[in-house]
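Note that subunit A is present in both complexes that follow, paired respectively with subunit B and with subunit C.
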Partner chain A sequence: MSSTERRARHAGATVALVAWAALSVFPLYWMLLTAFSPQADTVAFPPHFFPRRLTLDNFAWLFSHAAIGRWFVNSLAVAASVTAGSLLINAMAGYAFAKMRFPHRELVFWMLLSLLMVPEIVMLIPLYVVVNDLWLSDTFFVLIVPFLASVWGIFLIKQFLQTLPDALLEAARIDGASEWLIFRKIVLPLAKPVLGALGTFTFVGQWNSLLWWLLFTSSAEMRNVQVGLASLRFQYATLYGPLMAGALLAAIPMIVVFFAFQRSLVRGLTIGALKG
Partner chain B sequence: MRGVSKRYGETRSAFVQAVDDVSIDVSQGQLAVLVGPSGCGKTTLLRLIAGLEKPDAGDIVIDGRRVNDVESKDRDVAMVFQDYALYPHMSVYDNMAFGLRARRVARSEIDSMVRTAAETVGVNALLERRPRELSGGQRQRVALGRAMVRSPKAFLLDEPLSNLDAQLRARLRIELAELHRRLGTTMVYVTHDQTEAMTLGDSIVVLSDGKVQQAGSPGALYDDPDNVFVAGFIGSPPMNLIPDGNGRLLGLRPEAMGVVDARSAEARFEAIAGVTEHLGFERLVHASARATPIIMRMPPHAQPPQPGSTFGIAFADPAVARFDEGTGKRIR
Partner chain C sequence: MSSVRLPMRRAAIAWLFLAPALLIIAAFNLYPLAYAFVLSFQHYSISGTSWVGLENYRRVLADPIVHRAFANTLEYTAVVVTGGIAISLSLALLLHGRSSAWQTTFKALYYLPAQIGAVVSAVIWVYIFAPVDGLLNHILAALHLPQPLWLANSHTALPAIIATALIGGHGAAVILYLAALSGIPQSYYESARLDGVGAWTQFWRITFPLLRPTTVYVLIIGVIGSFQVFGSVYLMTQGGPQFSTDTVVYDIYDAFFKRGQVGSACAEAFLLGLIIVAVSLLQYRTLATDVEY
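This part shows the complex of A and B:
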């Protein structure tokens, strides 16, 4: 290949990548722009691609006319309790499946795994009926407890813990440690990479949860951020300014979590990749 | 251990008899070595003593107490694993202190106990390091230190030197013997290496196929093997086993045979010489007698027989051990 040809290819690739990057960044830019523009500018036609006037009115509106504070608290409380609780429960179950001997261990595990094949959507209507019959609708209970154990989480942790040498646990047992102490002092610290990844996935998933909250909560104070923001869209109009301001606020925890756990996220994605 | 058996496997027809009716007695303060080829059941025996496995039959008694149903942590033994099994996320200090903390020993006591043990195994300069920052030999010392820190009734060592290179292995072997002499604690040591067994053991138990082949002092096993397995396993090179033509095997140690002229009166039978290895302090003469390969030991300056030549083998009758060719058992 001649050097002119190489330079031409290089330029082509650069142009394509810049176009792709612009395409990806534009929606984020639009969100930012809309969040800080007055209502009139957000619905102007033709649209303004550059800010004309900047304002914090949309944020003020969110706090005065919508219960965004409450939505945030709800989202955060549920996402945090589900993450903490499910990490503990999935870790205990994954540890048991990986390292403990009990009758029909494999059979039970495969039965659990087969649950992954049933799409969640299929179970929604029966679950709705059950929750209503138990008078649990519109409670934190129904938002948290069903997610405290997940087959996927158990599977991920089991795969990871299987790579721990048995001798470590046996050494601790001979050293005089109880099963709980072994779990707390040996297993949990060594499982940090997988717990970090699973915790991040769980938190993000819970934070972005829309359908479950939409279905099982009805009162205004039981909304999370996502449902709350969706409620800013009416049949004939959408309050784009406040909606985008809210979306911007809702993205902040995600960005924080992502940067804090970036390393364990990448490690978590490759767990089991070598062992098949 | 009295009549201990252990089998692995789910069904009655498909199983492995790892340990088969084994009785062993290790006296207090002794260093007993369990030795045998891989798969002979020696590690299973150690795990049975540690309480990591439960016997299917028989009794395990430690210090006069039957411990079959006693949990590992209450048996007051410590184990050193083949791969060391150091807790990777803890410093050397925390590794050694873990067992003491689990047993709720007072913090001030833990500190002095850890430092004493670290001193004994020579790792006191490494207390803040993580296991992955240590060399193989250092890890082994930490594992030993972790085992001895709470002064258990017995140490169980599972091939502790097998992951080290030959030089380090020889040095740590001496250190282990020295440690045992100083501490005077009962040790049960598992290895597949007969040299390690001979140099370390006060008493040696030779195992094969889950059964005890012979137990005794290193000297007794060497001089007086009970069967052809022990004769062929103990000693390097091992005992030569030459058929006498009457359904018996003549067991002769390499150093019990002399090279003489084939026609001389001393020659008990003929052999054809092969190559000679010169090891500095001795020569090993490979030869073939009655279609059986044999190895003889000669002093370094003696003239070895020419390869391909025929020579006579001389030996004194008391040096011969006779075995039944069919059963492999010693004929006394």
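This part shows the complex of A and C:
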């Protein structure tokens, strides 16, 4: 291959990479632009690709027409409690599967793993029936407790902890440390990378949760940001300015989490895939 | 005393560590799973519940709307998963060998659309696809091209939803492919080059086979996820027009939530579960091989 040919290929590859990045990020830019544009500009022909007049009207409209503050509090409260609680519970189980010996360990683990193939909707219907019978609909209980353990989380932590040397734990055991002490003082600190990764995924998944909240909440005050945004989309189908303002507000926490925990996200992906 | 713990005691401690997780999974996964199985053989209503044998399954299997939902879901899954693998692998190959600043930047750009969530992304696309005020039709109008109704037309609605899935959300697969690519020893390519093997052949004979574990993983995760597509359908089309975007999970949601058909919804959910398990195992058995290098 001649050097001009190589340079041409390199340039072609760059064009393709940039073009695809532009295409995939463009909707985000369009949302951002529309959120700060007056309603007239959002439907203007020909469309404006760059801001002309900027306004906060869409946000003002949103806050006066929707309980968006309350939806944020709900989303944040549930996502934070689920993340904190499930990290502890999954770490305990993951530790037991990775480093403790007990009868039927492999069998129990594989039975749990096979649950990953069961579609969520299969379990949602009977839960809905039971939850309604117990008057638990529209409560935080049903939004938080079912997610305090996850097969995927246990799997991820087990995969990570298995790579720790046994000698470390055995030394502590010989010194008479209880398993709980070993777990708290040795295992949890060492598991920080996987806990960071799993915590990030859990928080993102909870924040973006739709179906569960759609089924288990009925009052407008118990909606999360996603169900709230969906309700706005059906109620005000063509008010694109306020809709994009709402979408932007819903997206901001995820964009912040993404840039703050990018390395954790990448680590989580590779722990799950490569060692699985 | 505790220096050598007895096996019995050790096992008891292990179960204590497992207990919270196992209790929650039993209550919110296993029990509902078993109950769904029971419900799928019952006619459930507030006034009384009765056993109906295979009636729900018979009704679901004979329902043309359910057929449509399964066909739509298969089409969605086939295009989104295979298209997604082709796109993410291409992007990873193009990025491989670039500086780490390049890789980090582009991985982030490809990841962001999935990070913002299905609802946000669908709301933006609804606006872009809007028949009169949408950006897409504005561009087509400026180019003097026909302007379809997109999400409101039964021929274009499903392709439009598929396109949104293809455009966003390859970040995770690109990251996995890049990680796998960096694990392939350069010496393989050097010896291939010495033998005069071209780039195309190198890809199919060396790169693609060695990426197989990653491809199998992306494929299985992709199929399980795509078979359960719901958010984009719920927000963009609600299964319409004329059931042209009705997917299985949306149809189950509709049967259960809007029409109150508990038994049929459970039966349809079980059929979906069976298909997902069968396809996952099939992919795993036919494609998974231990590759070591």
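The rule is simple: the second predicted complex is superposed on the first by the 255 of 276 C-alpha atoms of A that agree within 3 Å, B and C clash if a C-alpha of one lies under 4 Å from a C-alpha of the other, contacts with A are read in each partner's own complex, and residues count from 1 in each chain.
Definition applied: a residue touches a chain if its C-beta (ideal position, glycine included) is under 8 Å from a C-beta of that chain, and two chains touch if they have at least 3 such contacts.
This is a predicted model, so every value here is computed, not measured.
Enquirer: Go through the superposed model and pick first if A:Pro46 touches only subunit B, second if only subunit C, both, or neither.
Expert: second
Enquirer: Does subunit B (first) or subunit C (second) touch A:Leu107, or do both, or does neither?
Expert: neither
Enquirer: Look at A:Leu190 in the shared chain and tell me whether it touches subunit B only, subunit C only, both, or neither; answer first, second, both or neither.
Expert: First partner only, subunit B.
Enquirer: With both complexes superposed on chain A, which partner does A:Gly176 reach: first (subunit B), second (subunit C), both or neither?
Expert: So A:Gly176 meets both subunit B and subunit C here.
Enquirer: Scan A:Leu168 for contacts with subunit B and subunit C and give back first, second, both or neither.
Expert: A:Leu168 contacts subunit B only, not subunit C.
Enquirer: Considering only the touch criterion stated at the top, classify A:Leu211 as touching first (subunit B), second (subunit C), both, or neither.
Expert: A:Leu211: touches subunit C, not subunit B.
Enquirer: Tell me which partner A:Met254 touches in the superposition: subunit B (first), subunit C (second), both or neither.
Expert: second
Enquirer: For A:Leu115, decide between first (touching subunit B), second (touching subunit C), both and neither.
Expert: second
Enquirer: Looking at subunit A, does subunit C or subunit B touch more of its residues?
Expert: C
Enquirer: Shared contact residues on subunit A, subunit B side and subunit C side combined as an intersection?
Expert: 173-174, 176, 178
Enquirer: Provide the residue numbers of subunit A that touch subunit C in the complex, in ascending order.
Expert: Going through subunit A, the ones touching subunit C are 13, 16-17, 20-21, 23-25, 27-28, 30-31, 34, 42-43, 45-47, 89-90, 92-93, 95-97, 100-103, 105, 108, 112, 115-130, 145-146, 148-149, 151, 154, 173-174, 176, 178-179, 183, 204, 207-208, 210-211, 214-215, 226, 229-230, 233, 237-238, 240, 243-244, 246-247, 250-251, 254-255, 257-259, 262, 265-266, 269-270, 273-274, 276.
Enquirer: Where on subunit A is subunit B touching in the complex?
Expert: It is residues 165, 167-168, 170-178, 181, 185-186, 189-190 of subunit A that touch subunit B.
Enquirer: Spell out the part of subunit B that touches subunit A in their complex, as residue ranges.
Expert: Result: residues 50-52, 71-73, 77-79, 81-83, 85, 87-89, 98-99, 102-103, 146, 150 of subunit B touch subunit A.
Enquirer: List the residues on subunit C that touch subunit A in their complex, please.
Expert: 1-3, 5, 7, 10-11, 13-15, 17-18, 20-22, 24-25, 27-33, 35-36, 39, 44, 87, 90-91, 94-95, 104, 106-113, 115-121, 123-128, 130, 132-133, 135, 138-139, 141-142, 167-168, 170, 172, 175-176, 179-180, 213-214, 217, 224, 227-228, 230-231, 234-235, 249, 252-253, 256-257, 262, 265-266, 269-270, 272-273, 276-277, 280
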